[in-house]
């Protein structure tokens, strides 16, 4: 149960079986730093290039193909006083005939107030004077090396995780990833200071993160799973949203059968009444949908 | 400000310019009854056929094409002690290669406990013994006569509303529909005792509903809008989910510009940080997505 | 086997159970006229409004719910010397970030040369001087009254047909529509002088059409079917294209089983090797995909 | 202009910057062999694993990021007398409620008759006795190393090409791929003896292929382009089909502007009248759509 401190010297723009930067044991924790989506670090120095440079990979001793890697996000702390977004909305979230009326996607600066736990526009338009946003940091891109020796761009996501941009990935959450390579090879980066559903925009910034890993032997999954104090969830990554939702729903059905004693009939009743679908992102090459169920709705809890 | 009591004698399976069953004034309220999605009334008598027989239409004096009809749902009360769902999940919410493993879609009965404000399976599988669901009634299908003299099946939805199956349509909510016919011609029905996101299943039952109408002159909308105490929202109806989301997002952008003084730049900031997308249904011919924003996130509130 | 001549005096913008304009017998033929998508007739006079005003409905004696109506397009002749398109491409056929670069959708005139059997731009840009297009008239919108007493806008399509904008609907083709109302109630209009796949644009014009109807008793279909000398085809109407394709493929599987003695195993082999998917339109509220198979690939032909 | 003969000893299941198996010059030709989608070679020996083992990569001297690699398929010859398909249809090409009726996806053998230029089922069901299919070999999976150092599974496709399963990739066709790595690193495999649109199934087999490479300096593309004697085409790879079609259409617009002197107005006219959309595959993780235009429709030809 060692607590490692790791200072990254270089970053990866793909998730794959890159050489591990640190070997850690089952149960260990790591405190490390991430840089922003365009590669600017805590000092606003350009430390790497786009997209979403990753810290890692961390090799977890004992994790092998066919296992799950559990990663608990213990904390996410801001390491600088500013973040940025793109102005306006991406063309794919509005009707095609609305696209031409959207504002240019200029880079906009936000001030992060760690004491006040809020974020505000550096140059607010008149209509938003005095307007601010609660500081709710989340990790946009994280995951493990994918199967088949693939190296996949951190712009996108898949069964291995990746750029899911799900606002539910905050401190206190535990994620479960299917292991495809010895040591799992865990990567993380692309922290947002705050973001709504769909990642219309997330406030891109650098961060210090503590996480704790555990190896779940002999159990696997087709898509990332997770839980916090109150919910379990699964994440599907694909386009269109319909297919992301299908992946997440199928994964939840399987999980409820494997670990909660609910066959598809019983699971259908629970899901019918309690499912919440979170539209994590509708921006990246693969969209992400989380299928979430309150633990209180499960017959024996978890 | 009259309170009407209306007892329906017949029902419609299309929404269109049928002859009005009652003429009411701007500001009036109506207490009426709806039957379930298959046409069974409060006494379990077969009062009409599938799909989703509608009570109405109510002609609202003064409502004309180019206006909005505001409908506040004052209350939804259960009128019988049972409801039903289909067992399992519809094939379109899981991966295609999972479909063959889904249970047969048998009709399942639920007991509604109005005192305990809960709903439970009449014949629960062992894994769900003692399991129940909070009673949270909602209106599955409601809307006004569509444009161009169309008559549209109550199985589906569109700019006029219809079978949106959004769990957010509960007591306390006000909806705004674009008026296409003189008198608007408001219909409602298909109440569910409870339902999660996506309408994997809703507990189909009969109900007594009180609603209040107001005519908003000279203001219109492309898609249904709504609000409750804490949120404003817009609803887009289409397939795939991506397009439903595009409609809802575009409508919200337009609303924020028209009524809240937020140009697309300012609106983009607010939406980026505060939007919640609700997946209302992924079951009907048109899927429905709500784009929701907390009033507290709007600069001057509403 | 009467040949009727029918001169329309009024037109409909919805397909539904409007009062029939002519009663005809099984086997009869009709020569009639259609006006263009915006309502201009052969003399360029405004005879009706948008969208796609329909000639009809024609009541076919003996056609009843549960039957198919067969409609053979005997001929489509041009009745004026000009047609029009919108310039450029609709936003939904290009990537969202390309939309802003598309030209404004101005109305563009084309000259129809019936002797030369070609169509050319009245004001060709320099790059297209001398460029012309073969005259290949097709019917954009045709079908029968839909089920449940619906009246559906001629802007869209469904199981009843409607605005499918399929370039395969030319002289020599026979279509089969599922009958929902007594007499079937057949409508037609929206002729294009020429069009590619997807209806990026069709040259909108007026026409004289001869068609012949037959009632196929006791046989029905879920989606329009058709055939010409060399092919059989089915048409699915929905969004996204994936779902339109699913409808068309399912309908073809059913047809091959019902009429050609091919169970799903045998049909799968035939479809795997010989299917052609035509993207009929990617412009209307419902997209259309045709699933087409050469008759020569069917074991006994048809 | 050397003609190389290359006998592969090993194969790759990802497309990426693997070590080149052969260095060739601009203008050179190669004769080589491919094994089937499951790794069986000309002797039915298991030479590699799933999915779609690739022959290559071939390093083309002088090809650099920012160039196009042109690959002409000179010939595709069968190297064994049998191929296989999966029986039935994949669940994603039919309506979800049809999936449960589909036959099990057993492996089915086909006999390839090189003299008769046809393929037939080894064990034909009674309805298909005597039925055969023209031998029309095509390459299912081919492309160049993707950008950013990615290694991408040969089950899927992207801007780099990959598993597009387009029946248009036959002898006589020239493809153009955007180069991302020095030498381009060209891979090929997954030949089908015959296949319809959509890859409902392709007859998987081994082959001998001759191809010729050329480097097009200083010209690039966002998606694969191609041409044969009569047509030019672009290929988009994505889900849903709508997005694949958007990519292909956008690429064609750009190509027409860059090389054919057609601005978006002129290109819009040409595409409106002459575009053919080929649904290449609706089976793989990314679907593929080709946007095709006859050279005769282009004002100066090509």
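What to note about this one:
Going by the order they are written in, the chains are A, B, C and D; count residues from 1 in each one.
Basically, a contact is a pair of C-beta atoms (placed from the backbone, for glycine too) under 8 Å apart; a residue touches a chain by one contact, two chains touch by 3 or more.
What you are looking at is a predicted structure, and each value in this text was computed from that prediction instead of being measured.
Chain centres here are means of the Cα atoms, and by that rule the chain farthest away from chain A is C. Chain pairs A-D and A-C differ in how many C-beta pairs are in contact, and the one with more is A-D.
Of all residue numbers seen at the chain A-chain B contact, over half occur in both copies; the interface is built from largely matching residues.
When chain B is laid over chain C using CA atoms, the rotation angle comes to 180 degrees (nearest 5).
Our note on geometry: chain A versus chain D, Cα centroid distance of 34 Å, whole angstroms. Centre to centre, using the average C-alpha position, chain A and chain B are separated by 33 Å. The mean-CA centres of chain A and chain C are about 47 angstrom from one another, to the nearest whole unit. Across the assembly, chain C contributes 92, 96, 239-240, 242 as residues in contact with two or more other chains. By the touch rule above, chain A contacts chain D in their complex via residues 13-14, 16, 147-153, 238-240, 242-243. If you check the complex, the residues on chain C that touch chain D are 85, 87-89, 92-96, 98, 101-103, 108, 121, 125, 127-131, 133, 194-198, 200-203, 239-242, 245-247, 249-250, 253, 261-266, 268-279, 282, 287, 289, 299.
Taken together, the chain C residues at the contact with chain A in this complex read 90-92, 96-97, 99-100, 240.
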